[in-house]
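Before we start, here is the structure in question, set down as structure tokens.
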Amino acid sequence: MSTAQTHSAQNLTLADCLLQETGVDIRRCYQCGKCSAGCPMAAEMDYPSSVWMRMLQTGRPDLEKAVLKSQSIWLCLSCESCYVRCPMEIDIPRVADFLRAASKRRGLVHPRARNILRFHTAFLDSIRYTGRLYEMGMVVDYKVRSRKWWQDLLTAPGLFLRGKLNLLPHRVKHPKAMRKLFKWAAEDKEARI
Amino acid sequence: MKMGYYPGCSISGSSREYGESLLAVLRALDVELAEVEDWNCCGASAAHNLNHTLSLALPARSLALAEQQGFQELLVPCAACFSRLAATRKALMADDAKRRQIADLVELPMKNIPVSINLLQLLQRVLPENLKEKLRAPFDYKVACYYGCLLVRPAEVVEFDREEDPEEMDRIMEKIGAAPLDWAFKTECCGAGFSVPRTDVVGRLCARILDDAVSRGAEAVIVACPMCHSNLDMRRQASESHSGKKYTIPILYVTQAIGLALGLDAKQLGLQRHIVPVRLSAGKSSQILENAPA
Amino acid sequence: MARIGVFVCHCGENIGATVDCARVAEACRKIPGVAHSVDYKYMCSDPGQTLIREAIAQNKLTGVVVAACSPRMHEPTFRRVCSESGLNPYLCEMANLREHCSWVHEKSDVTTDKAIDLVAMLVEKVKRNKPLHPIKVPVTKTALVLGGGISGIQAALDIANAGHKVILVERDPSIGGHMSQLSETFPTLDCSQCILTPRMVEVAQHPNITLYTYSELESLDGFIGNFKTRIRKKARSLDEKLCTGCGLCTTKCPNKKIPSEFNTGLGMRTAIYVPFPQAVPNKPVIDREHCTYYTKGRCRVCEKVCPTQAIRFDQEDQIVEHEVGAVVVATGFTVKETDFFPEYGYGKYKDVINGLQFERILSASGPTLGEVKRPSDGRVPETVVFIACAGSRDPAKGIEYCSKICCMYTAKHAMLYKHKVHHGQAYVFYMDIRAAGKMYDEFTRRAIEEDHVQYIRGRVSRIYERNGKLIVQGADTLLNAMPVEIEADLVVLATAGVANEGAEALAQKLHVSYDSHKFFVEAHPKLRPVETNTAGVFLAGACQSPKDIPESVGQASGTAAKVAALFSMDELTREPVVAVVNRTAPPLYSTCVGCFLCQSACPYQAIEREEIKNRNGQVVKTIAKVNPGLCQGCGTCVAFCRSKSIDLQGYTHEQVYAEVMELLS
Amino acid sequence: MEALQKSAREALENHKAKVIIGYSEGSGGRMRPIFVQSPAEAEKLTWNDRCTQNLAVYIAKPEVQKLGKPALVAPLPVLRAVLQLASENQIKEGDLLVLALSDGRVTELSQFSEMEEFVAKTPTHLASKDQEAIERLEKMTPQERWQYWQSELTRCFKCYACRAACPMCYCSRCTVECNQPQWIPVPAHPLGNWEWHLMRAMHLAGRCVSCGACGDACPLDIPIHLLTMKVEADIHREFGSQAGMKVQSEHALSSFKVQDKENFII
């Protein structure tokens, strides 16, 4: 596979696109591993953050693809502990955001991460139409998407009895404005890489 | 003093006791809040996961509305919303072009974007020096103050307290007579947005947090974020099934603890809404707090 | 009328192959004022020099332009030729046809035209040159050495042994510096104090060395060969002549709970104290901040017990003045404290210590008498984690540089720990092992292979305490960044080596440059590593950047050689290319209006104030004056002077203007 | 106005000053400087918006110095000029009394420290028309700006009124009078005009107190004050320092600092 196919027309590596779109330069990474060391999710990751940093540094299409196909990028919780401790001040959560967008765009989402993606999608769809999160609707939507019918079925009545579940969504006054924002954001440059 | 208020979706839904206790306590402290009209969801934590521009656009609309409604400061009690709103303000102040684009889309000026502050910052300002004298029932328990991720980091966005081992909530707890513990998981992530899609992960992360708090003798974990609360409270079962231990330690919002110390009614503070019953040992402040699950 | 001689050199093929040298000589002959113009294959050769010599004599030349190579190499050659021929050497200039023309252009007519322009410019300049004479300054053959660590000691001894007087100033009560705090030294593992103390004693006894301990530099003025220094001798509260160093006072002092600086806070000392048993001089000082007599007005136990009545509570700081010809700055460095690391607990864990503290724990003279015990509870640590690059190579923490010594001392620490606690386990978290030095890499390999120290490649993210253990959270980057969690009893941070507190203020007193980390800056990173931009001030040891002992000692000897070379002359000769403030007839006296903006602009503090008095002795004007001893001829003041009242000799406004105008004409 | 006259009268009567340098009505609606030496004359002093000359220009003049210790009627720019002159060693503490004007009040200042305090709490922004003009120039492309100044400066006939009006132009020999070498050509041709005005701007860089007196003095209304004001604003932005604020000021452009970047030296 030539890099021309993998990347945008200018033969750029993923690291180049990342730098252009987000200003984050992963070439600064010197593999100290402090990010992975403090990551609450590192144990479950196929490639902890310092490893995918190195993979991206090589600029090799096969390794870039492996990163985009990895589960790791979806497991990042954006807790920012890596970023605040990174000696090179690399905004790693921002890199993860970028990689997720690229992974989704290219259809490389790891099978085990699809539920996470479905959840995010259900979440955004909920606010796309109502402006505010309609928790019940979102969860139902997520269940339809993930087919996880039984999960949380036992907690829901408890929540309801405690007055924690709204049965009807709250809508913002100008749903059109919301849709306009979504439409504009869909043209985000990052989403196109 | 009247301050802008951005409640966020959780407070309007699954975490309404946070909102209830917050309003009750601030009322008792003579702090008036005015909710931003027609605010919308900040998008956390789904938006930035999928589309960076959307993650700026969603909070930007609420900020623009707040600006139009004349607020210079916004109280944002949810740590996730706070982080998104603060990060958006920072990003848009640095990027004129993007700010103007969004301003055009929402048809609002966006010139002086209001500053977001979290609940601890507000309490830091409004809790009186002589609070101890005003307490009806000092909250004299050993507490583990849990800050979570987004309340204190990254420093360049939140500009508040220390990134590692923060102290402000501990100071507030001391003011209401509690004994904050020195513990190790103040800022370790609870799994935030994975509550629904990866409950197993949340169980593992929360178990670590609860374990450390309990082993150091904490009688309650104090939080200032609905995400933290729902993971530590609502997902208790997941934690227990991960560690094979039983945890009875209750999770209280910082406002609930203050409210109790000020002598406010437990119901008013929404204690009955918790999944893990709030039972605090007797004989200390001569108050037994108990709520039967409804 | 000027009679200029032009000598065009081919430099073999270097110039000749590209520039038509004959045409250059030919063209120059037509320039008004040129009396003689020739070209020759090698102007610097003997026949070439003879050519110039003869031309000066025959044509009665008033100036010479040699069109050849860069003046760097041969300007002295041709100036000497002129001088030997009776022409003032500063009436000779070089046009650089090689670097500025033939080497950077192709052969063509235009290249030759440019060569002609270059020569013509210099001809116009030389027409306006004035004879100049070298400046002579006397040399005071005494050196000031600041800092009594190993670098200062070495420099002082070397200079003193060369037969020159040395004044050694040390801030602390004893000389010895950080080296006296170390246990063993890498890569030989010989005892630090054993090799240092003889040197310390030698300093104290050397007839050429005057030692001021517990003293600080107050000021340094003047210039190379002619500095004036003032030194503050802080009050020891003791008559040093009477004190025999018996130590009775220090044992009887009731105030025993003061953290000892020498033991990095891990041990205690009294208010009247000698920092360590081998101190030089072995005379105590009273720490007035902690002494009960100074804080509360009573006690005076030391005074009562002193058998020689040496205690002087009312002693005051003394200022001593000296004239010195050179200064060696050897003020050393310090290491970051552990509270610099939020993720490692903001310094709140007693068992997270820095490397210097671990040295004291290992040292036989240390607070644990050489037994490895952890500070919190005195238990022998079973698991010790060493963390390299703690603060170094960390731009987020503001220190992007490598502290150089940590890899080696960490290997040493781990090794010594294993030697003392055989069943213990030592882990080293590292990023790279930088062990470039004689027997250095072998040393770190020994730690791994023979002493079984576990090296883990990765940085530690966090340390927290649980049940008396320190949980060290790291990752092994050689194993897919696998999380590594170690329950340690003691953690040693190899914290960054940084400039001393007060380095900036000292640099300003000394007029030497310092970098953004407050390390002093050498004059040239490769070719002048022990000199500073201020002539006569030299650098030794870790005040310039973190260094190990051999390197510091080598550099110290380097400064001593520089000082000895300087002191080998009775007078210094300096190029007369210095700035001069003009003088005019009264009532103006000078066009200088005395705004003194040149004074702040001068990097060398060479601008002074001069009062002009009339016949009655009244001051009529205050104008700027350039001290030719300090002036380096950089021309900054010339550029700043709005009224054009300062000129640089050899590069006057008139000369440079003429050169430019020639080019434009 | 009355307060000013009163302060001036008292200063003379109490021998705090020998001469008051101030403004009075001139002919044709123009203001002119006045040197009041007796209390009776103090009533001629006046103060209004037309007082644009910078009176600090007189204190270094020998003929004024002969009159004895002066008191200077000083709106903010004059006061800043005094402080800048002091920072350049042209005035000594106690040589001068200042009658500072602000908001219709008169404050008598004799110590430099008092003057610094006064200046520090007074806003120093430019007049709006100057600010707008600078912004207009900033918006131009370099070519347009070149054109603009070309057409403006070509008109100059080198009367040097700008130099005479400027309190910072106190050299006993100006560069234009230097003929060995002749830095600035004497005739008023376009190149020489450029050289003169560029040199003037460079010499005032970091020193201009932005009083605008040079522009006001120009008989051809060339807005040359914008050049120095713009440079001053840039220096304020880049280095944080402002001329005429402190006596012990770090002259932004003429202070050697070891931290200065030397990356142009290999």
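As written, the chain order gives the labels A, B, C and D, with residue 1 at the start of each chain.
The rule is short, and it goes like this: a contact is a pair of C-beta atoms (placed from the backbone, for glycine too) under 8 Å apart; a residue touches a chain by one contact, two chains touch by 3 or more.
What you see is a predicted model; the values in this text were computed from it and never measured.
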| From chain A, the most remote chain by mean C-alpha position | D
| Comparison of A-C and A-B by number of C-beta pairs in contact, larger one | A-B
| note | Rounded to the nearest Å, the gap between Cα centres of chain B and chain C is 53
| Cα centroid separation between chain A and chain B, in whole Å? | 23
| Whole-Å separation of chain centres (CA-atom averages), chain B against chain D | 57
| task | Enumerate the residues of chain D that touch no fewer than two other chains. | result | none
| query | Mind pulling the chain C residues that touch 2 or more other chains? | reply | 343, 462
| query | Which chain A residues reach two or more other chains? | reply | 81
| remark: All chain pairs satisfying the touch rule are A-B, A-C, B-C, C-D
| Parts of chain C lying in touch with chain A, wherever the complex brings them together | 343, 389, 393-397, 431, 457-462, 473-477, 480-484
| message | Can you tell me which positions in chain A touch chain C when the two form their complex? | response | 30-39, 42-43, 47-51, 81, 85-89
| field | chain A - residues contacting chain B, complex | value | 22, 40-41, 44, 75, 77-81, 83-84, 94, 97-98, 100-101, 104, 115-121, 123-124, 127, 131-133, 135, 139, 142, 146, 151-152, 155, 158-159, 161-166, 170, 172-174, 177-178, 180-182, 184-188, 190-191
| field | Touching residues (chain side chain B, partner chain C) in the complex | value | 162-165, 184, 212, 215
| task | Name, in rising order, each residue of chain D that touches chain C in their complex. | result | 88-90, 170-175, 178, 180-181, 183, 203, 250-251, 254-256, 258-259
